[in-house]
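My structure is below; once you've seen it, I'll send some questions.
A, B and C are the chain letters, set down in written order, and residue numbers restart from 1 in every chain.
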Amino acid sequence: MAPLPQNPGGHSAVLQQALPPDWPLGNPWLHFITFTIIAIAFGMLMIIAFIYVERRGVARFQIRLGPNRAGPEGLFQAFADLIKLLLKEDIVPARADKLVHLMAPIIATVPALAIFAVVPIFGNGALFADLNVGLLYVVGISSIGVVGVFMAGWGSSNKYALISAMRGVAQMVSYEIPLVLAALGVVLFAGSLSLNTIVDQQGIPYLLLQPLAAVIYFLAMSAETNRSPFDLLEAESEIIAGYHTEYSGMKFALFYVAEYGHAVAASALFSTFFLGGWKGPFLPPVLWLMIKMLVVFFVGFWVRATLPRLRVDQLMGFAWKGLLPLAVINLVITAIEVLFWPTQSMWPLVPVNIVIAVILVLLWSRIFTLGGGKIEVKQGRVEVKGAKTVEVKV
Amino acid sequence: MEVRTEPFVLNLGPHHPSTHGVFRMRVTFDGEVVTDVEPMFGYLHRGIEKLAEGRTYTQIIPLTDRLDYLAAMSNNWGYVMAVEKLAGVPVPERAEYLRVICGELMRIASHALATGFLINELGAFFTPLMYMYREREKILDLFDMLCGQRLTYNYMRIGGVSHDAPPEFFPAVKQFVREMPSYIDEYEGLITTNEIVLSRTKGVGVLPRNLAINASASGPFLRASGVQWDLRRKDPYSIYDRFKFDIPTGQNGDVYDRYWVRINEMRQSVRILEQALADIPKGDHRSRVPHLLRPPVGEVYGHIEAPRGELGYYLVSDNSIAPYRFHVRPATMINLTTLRELAVGWKLADLIVIFGSIDVVLGEIDR
Amino acid sequence: MTVALSGKVVAEELSKAMPGAVVSSDEKCLLVDGASVREVGEWLKTSQYVFDYLANLTSVDYVDFFEVIYNLVSLRHNHSLTLKTRCYERENPSVPSMTPVWRGAELQEREVYDLMGISFEGHPNLKRILLWEGFAGHPLRRDYL
C-alpha cells in the first residue's frame, strides 16, 4: 500500500489557508477562538429569536396571543423556559442504553452550531473558516444530526422513540439527495463550493436565477429540519414527542436547541445560497443576513401553521418521485445554461428560468402521484408480492 | 430475499395526545403497517349506571352531563325524554323549542371540536382546532347565559327546562346564527380542498355500507357510509317534524366523508336554529311535575340523535322514586366495534386519523 | 316515524316459522326462549321484517331471572321491535351470542358480561371490557353492594 500523500505545508498551512487575509491579530488560533464564540453566540441568539418569533407568530395565525407575560411582550419566555428545564429532574429510563441516551442530545446539537463555521455572517470573508469545500462541509456536518436522532430513538428504550428514529433516518437520507442536487445548481453558477464565494458571486440573487432549485431546496430543507409538513419525527398526534419522548430537563433543552438550531442553520444556508447572504444596501451585512433568515423562517412556520402532515410513504414518495427527478432536470438545465449562456448578460436568464420552473412544476404535479394506500395483511403479516422467504442464519 | 422481521406491539394510550382522553389501543405493527388493533377502555369508568339506581329521577340529570361531556345538553335531553315517555309527562311548547335550540347549538359545538381534532390529528399544528374553538367558545358563552354553566349544564328538567331563557339570550343566538355560515365557509375554504387533507383522508378507513348497518354504527359515522338514517327525520322526537332540513350523507364511507358529513350537519343545524328562533312561542318553560316522580311500572327505550350518534336510554321503573335499571346506549363505544376492520393494513398515522374520525368521548364509552 | 311493531303480530309469524320459540308476547315486546334466541335473531333479520340494525342490547336483573333486551330496528322499513329473553340461572347465566347475526352486539355483549355476569355462547372475544380482569363480582346485579 502506497503511503498517503502528505500535505506539503503541514498543519499550519491549512490553518493559514482558512484565515482571511485581513485578519489583524496574526495568530490563527486566536481567530478561531474569537469566531467560535461569535458563531455560537450568533447561533444561540438567532435560536432564541426564532423561538420567540415562531411562538408569537404561530399564536397570531391561531388567533391567540402567545406568551406575553415574561418580560416585555414575552421576550424572556425562552429564558424562563430554559431556567425551568435546567432545574428539572433529569430522568433516565431504567432500561435505557445509558451512554447512547446521554450522548444523543450533544451529537444532535453540535452540528447545528458547527454549520456556522462556514457561513459568512459579517460580510465578505468575515467568517470562521473560508473552506473551499464549504458546501461539502455543510452537507457532511448536517447529516451528523441524524445520528443524534437515531441514538436518542435507540437509546431511550421507547417504542415511540424507535419509530421516530426509523422515520428520521429514512427521511434524512432521502431528502439529502434533492437538497444537495438543488444546491449544486447554485454551485454551477457560482463556480465554487465556498459559501463565501457563492455570496460574493451573487450579483443577482440565485432565487431568481435558480427558482426551481430554490423551491426544491426549501422543501428538502424543511424535511431535513423536521418542519411541517414533513415533521414526521415529532408527529405529536402519532408518536408523542418522537425521539425525545424520554428526555427531560437539560437534555430535552438540548434537543430543543438542536431543533431550532437546525432551522436557524437551514435558514442561514438558504439565505446564503439563494438570497444573497449578507448582501444588501444601507444596513450592516449581519442585519441583512438576520432579516433574510427571519423571512425564510417565517415562510417555514407559515406552512407549519397551515398544512397538515404527510404520511410516511407519501413523504418518501415525494422525495424520490417528486423532488429528485426535478432536481436532476434542474441540474442538467443549469449545466447547459452555464456552458452556453454568455456570463455578461445574466438578467435575461431570469424570466427564462422562472418560466422553465413553472412549467416543470405544473408538469410534475400532473404526472406525480403520492401513491401508498392500504396494504394487504394476511395472518398478521404484511403480504409482500413476489417475496421469497429466506431463512437467515444467526 | 425477505429479511425476517418481528411484529411489534405498541400500547397506544391510555396517555397519548390523540386518544381523546384515556383510551388505549393495543396495536400490532409490522413495520409501520397496522396488522391488529384491539380497543381497550374502562379507565374512566365511574359506574354511572349503578349510581343512578340509587338516585331519584331528577338527581340523575347531572350524572348524564358527565357521560358525553362535549355534548352534555344532548345527554340531558335524551334522558329527560326517556323519563317523560315513561311517566307520560307533557312538555310545554316553549320548552321544546328551547331544547331544540340547545340541542342544535350543542351539535355545532361538538362537530366543530370533532372536526378540529380530526385535522389536528392529521398533523395541522392546532390552527384549525383554534379556529373551531372560537365558535365553540361562543356557544359555551350562550349556554353560560342560559344556565350558568359552560360544560356540564344540568339544564333540562323532566317536563321542560330549568330556567326560561333570559331576554338577552335570543338576540345573541340570532347573531350567532347569522355569523355561523360564514365561519363554516371559512373552515371549508381552509380544509375541504386542501391537497394534503385529501391525500390523507380520501379512501382511508372505508366502512362499507352493509358493515356499518350490521355493526350498529350511528350518527355521522353511519351517514358517511351512505345510509340516510337520522333519528330527527326517521323517528322525529320532540318537534323535529316541524323543521325543514337535509340529511347529509357520504358516498364512500371514508375519513373524508365523515369530515364532510360533520361540516354539512353544522350547516343544517344552523338552518334548524333559524326556524326554531323564528317560531318560538311564549308560555311556560316547564310543566308541573312532582318532586319525587314515581313513573308507573314499565320500561322504555328513548333515543335521540346526539352529535356522536344514537344516544339511547333504557329505563326500567318499579314505581319507586329511583329507576330500577338505568342503561345508556353509548353511541361511540358501539362505533368502535369496527375499528379493527377500518385500520388493519393502514399505517400508524392513518390509524390515528381513523380513530379521530370516529370522534369518541371517553366519558360516554366508559360511563 | 319509526313504527313500534306489536310483539303479538310478530309472535304469530314467528311461531309459524319456528314453533316453540315464543314464550310470550304483548303489544310492546316479544319474549323468546333463551336457547333459540340466535335463530330468532337470524329469522328476524332475514324474514319480511328485515331487522338489519341492532340499536341497543342490555340486560336487567330481576333477581328471579335475568332479562336480556334487544332493541331492533329495520332501517329499510323503519319499524322497531323489542326482543327479550330470560335466563333463570343465577350462578352461570348464559345466552347464545348475537354477534354472528349483528356485529353491533359484540361490544355490548361484552359489557353485559362484564357488569351483569351473563356469558354469551359463541362470542368471539368474551372478556371484561370496562372493569379489569380479576375484578370480583358483577356490579350491575341487584345483590352487588
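Criterion: a residue touches a chain if its C-beta (ideal position, glycine included) is under 8 Å from a C-beta of that chain, and two chains touch if they have at least 3 such contacts.
For clarity, every value in this text was computed on a predicted model and none was experimentally measured.
Taking the mean of each chain's C-alpha atoms, the chain closest to the overall C-alpha centroid is B. Between the chain pairs A-B and B-C, more C-beta pairs are in contact across A-B. Between chain A and chain C, the centres computed from C-alpha atoms are 61 Å apart. Distance between chain A and chain B, defined via averaged C-alpha coordinates, is recorded as 44 Å.
Chain B and chain C have Cα centroids lying 25 Å from one another. Not a single residue position of chain B touches two or more of the other chains.
For chain C, no residue reaches two or more other chains under the stated contact definition.
Looking at chain A, one finds that none of its residues touch two or more other chains. Contacts from chain B toward chain A in the complex involve residues 1-4, 7-8, 10, 16-18, 28, 30-36, 119-127, 130-131, 134, 190, 194, 196-197, 199-200, 203, 344-350, 352.
Listing the residues of chain B that touch chain C in their complex gives 41-42, 45, 47, 49-50, 211, 213-217, 227, 229, 234-236, 299, 301, 303, 310, 312, 314, 316, 324-325, 327, 329, 333-334, 336-338, 366-367. On the side of chain C, the complex with chain B involves touching residues 1-2, 52-56, 58, 60-61, 69, 71, 75, 78, 82, 102-108, 111, 115, 128-132, 139-140, 144. Remark: chain A residues 58, 61-64, 159-160, 163, 167, 228-229, 231-232, 235-240, 304-314, 370, 373-377, 380-382, 384, 387-392 touch chain B in the complex.
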